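There are two complexes below, and they share chain A, which is joined by chain B in the first and by chain C in the second.
Take a look at the complex of A and B:
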């Protein structure tokens, strides 16, 4: 008798693994393989491999997009691990957003990281790992998977924020982000443990059914509030936004773009999963809580953004306000679950394109001005007309002017809150409208500086835009215009979401 | 196998809980950072003891190995290697911070104690509920004492097969669920550790 068979007898019946649907997991597997490959190439090739890194990372992200497309074409929903991991149209759209944003971030980083004295292989490695966490988050329907995905996407981001090692402000950025992020994780984890304590399961689906069934209980209230507060830090909603401006300003600018877009969207994806698949039954709690968060984020973000003189800080506060717009539909989450969910997703997709574009132009212009002050961009139209036009497209899209993408995003949010037909919904619609007007002022102010003001130092040499950066701006500008001119494209995708469960959670019995 | 806490377990829980609370308060009030790390050992050890009371031996052993064996030792090394002052530091906390901390702590504790007591009242810990099957737990609670005894014997007999009713704390159940239901988080954590390692080396090295 062999040792193995003795062991097998001692330990009872043999372990049977669950069958794994490799097609459904292919995007994650590709991403993980490329991240590991980058580490290997970097450690073997050393300095010689440096120029390969951005290309490898970019190709890896596009490569991971292929299985996302094949899964979308094939079309059937795949449920893995007893409901803990779901690959459906909603999660596939979000995965595509993460992978494309990641690709644009790689394009933004290519020259920035190569020209500064940075660790290059490790930079793309951490970027891919962080994106892997986001791609996992898009499918996670289980508290433990959500938490682990959150940590995988956050921890590399803390380190990327401190990537300019010689600069004290970058160190401060990383440290502040780390401390705030860890604190938020702890609060959220405590909330999750309370939710688990009440329901006895980590899967969102049974949690949703139990929450819809039992009504209110103070432990559930506390657990849900803690979990939502944890993710409010991630999406930089007021009053949990204080880290954002300092971190964005100190971090390398492509990393700031990464935090402002990919990382923020990942926080919203987690909120979508938690609220629309788990907490919807607690509507008496969810709706007022998110109403307050959304209102505060819009007003505080916009009012502080008005007074910023640094473009990155202005984009940070505008990001806080944009988070408020994205939180607005959550305030009617239970009254009209389907429309509000689609509005949030629509806003997320368009926000990714327009905000990445704005950061791309800032990176391109800062190559000449070497400054983040808005006044230093004065007269940019005279020496960089194409960049100025692109920036105006992004800024007016962020403000929500038709026919740019941001218009359709704002319209979806507005339609969702009005459509719900509740008093809170109508009040929210007024707040959204007022804030759109406030936001227009500071976006237009930047555009005015770039078109009208004189060039501050009289230096009219044109800006050299490297090909990767130019391609990133063209790509994001094209998408921003496309979503605005043909909003039906995105509408068709969101209409294909299978949301049959929402009625069950929101209106039990 | 006990279904609920009995008297000795309740007394043990009380003693451990008081020790944890006292030690936790000392962690944040002591002015000596090395002492704070050592008080943390007491807190983490007490939590491990509570895991044992809850019949989760595996988690308890991991708690001792990882938290006390590795993390606190890492803290102490960190304090030594960064040449942080080892003695008392008088400027560690100031008066306004202390007032704020006390107010926050009191409010938070009140809310948490209220909500836990309000929701659970005198419900007792029912180990079968940890199987994740709430309906089964309810059915179980409705049975008479003898019937419960029979069910528990059956559960103990089939528990080794890793059925849904197996006690969660057991090592075998833990390992089965890690490689079965929680395969994705498990693999994601391995990616996370690799990323953290690479990033930490870049941030920490001198260049």
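Take a look at the complex of A and C:
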């Protein structure tokens, strides 16, 4: 007997290679290849390759969008890896949101990163890997896949937050984000281990069925609450929001936009998967918890945002409040699963467009004012009328004024909580309404400063807006208007979601 | 029929008890240590290395960042080995699929080394 045959016997049963649906995985494969290509080009070209980087990253993100579109056109749901990875209309829409937000963030970064003394190849490489994690998150229907996606999207983001290496505040931003993120991961992993311990599986589908059957148990309570708390850090919901303002302020502004939009949406995507595919049967547990998180986020975020003088900090606290609006439909998740899920997704899509736009205008104006103070933007209408109009569009959209996109987002949330017909739903509707009014005050205050106040230093030279930044503002403004004027577009997409399983999980038997 | 609010609060009581236990455990460990340990303060005990070299200079001295980079590069190959050894024992069973998978894996890791080399990390200046 040869050594090889002994080894072959020891090595157990023959291996069958997994059937892999390459079409379903094409967006991820394209993103990974482009990220690797960027490192390769950066290694070969060094300084000469620097100007290529943003173009490569942007084209790569648009390239990854192509398979997303072909998959959407084809329209059949694909289930991979034994149910751990699902490509359906819901996940494709979310992938498209991540890829387009990533594209806009590359546009915002192009001049900011090229003009500062920053590492460029590494910046776009990390950005793409983080987006890869988000794209994976959109399809993940398994606790381990969700966790791996979360780490893949978080770890590059910790580094990006500290990208202004010489600046103490940026270091502080990265450190705070890292420590809070790791703490949240630990809490969440502990929760996941408890959920796995009870159910004996990491797949969300069987977990959902078991949770719908067994009713309450202390271990399930602990597991579910820890997992939800872990993701509350990611979406910066009160009382787990404390890192957000400091991190956004210290990080480079395009990275702040990335954290405020893409990273936050990724947290919500994970919450959607976990709650609507796994924990829905535990409605007595999750509804009150998310009700409290949503209410606190809206009130605390809005009330603190009223007092901010720095535009980035204001956007950070407004982001906390917006997270509250997005959490509101979760408070009726089990009473009316379908409407509330669609409301959350609608809000996520529109939030991405309008919040990225607001950050884009801030980056453009800060090129002239060199300051993040709201007062420094005084009289912007006199020297930058187009930017001021665009900023007003984004601010009033964030406030929820028709006919801008934010109006439809708020309307969907409002309709979802009222439609549920529970007492908690009606109370939540009142809270949402009150907070919309509070939020209008500070958004309008910024608009008033830009339109009416005098220019602080009397410097009337126009702002030089680079083409990539201008294109980002046009794109986000067009989308913000489009979703507001034609809300049916998004409604048609969300109506095509295949959500037959929700009834089964929410109302067993 | 039990009061639903009581039911709800009972569920969250689990979390409160759990948090309380967590705090109590930390408190108990530190508390027992505080009770049991002898307390004889001496100035010698406040030195960083009680029986070692006397500390010189300022606390915030900088250490050479290159050690850190080398440690990172070591991890690169360490992780590679962790995956390659188990893979190698079953190479025949995996066949062409396994070979291509590992080639992709090693390519991406090797790219890390190429990157480090081109950025001048391997030079000890």
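The rule is simple: the second predicted complex is superposed on the first by the 503 of 509 C-alpha atoms of A that agree within 3 Å, B and C clash if a C-alpha of one lies under 4 Å from a C-alpha of the other, contacts with A are read in each partner's own complex, and residues count from 1 in each chain.
Basically, a contact is a pair of C-beta atoms (placed from the backbone, for glycine too) under 8 Å apart; a residue touches a chain by one contact, two chains touch by 3 or more.
Since the model is a prediction, treat every value here as computed from it, not as a measurement.
With the two structures aligned on chain A, chain B clashes with chain C. Residue by residue along chain A, chain B and chain C are tallied for touches, and B comes out ahead. Of the two partner chains, chain B is the only one that A:148 touches; chain C does not reach it. Contacts of A:170 after superposition on the shared chain: neither chain B nor chain C is touched.
Of the two partner chains, neither chain B nor chain C is touched by A:273. By the touch criterion stated above, A:288 is placed in contact with chain C alone, chain B being left untouched. Touch criterion not met for A:322: it reaches neither chain B nor chain C. Once chain A of one complex is fitted onto chain A of the other, the partner contacts of A:39 extend to both chain B and chain C. Once the two complexes are laid over each other on the shared chain, residue contacts for A:221 go to chain B and to chain C alike.
Within chain A, the residues touching chain B in one complex and chain C in the other are 11-12, 15, 17, 36, 39, 218, 221-222. Across the interface of their complex, chain A is touched by residues 111-112, 114-116, 118-120, 129-134, 137, 160-162, 172, 175-176, 179-185, 188-189, 191-192, 194-196, 198-203, 207 of chain B. Against chain C, the residues of chain A that register as touching in their complex are 4, 7-8, 11-12, 14-15, 17, 36, 39-40, 42-44, 46, 216, 218, 221-222, 225, 284-285, 288. Interface residues of chain C facing chain A in the complex, by the touch rule stated above, are 4, 7-8, 11-12, 14-15, 18, 89-90, 92-95, 97-98, 108, 111-112, 114-115, 117-119. Residues 11-13, 15, 17-18, 20, 32, 35-36, 39, 80-82, 84-85, 119, 122, 125-126, 129-130, 132-133, 136, 140, 142, 144-145, 147-149, 151-152, 155-156, 159-160, 162-163, 165, 174, 198-201, 206, 210, 217-222 of chain A are the ones that touch chain B when the two sit in their complex.
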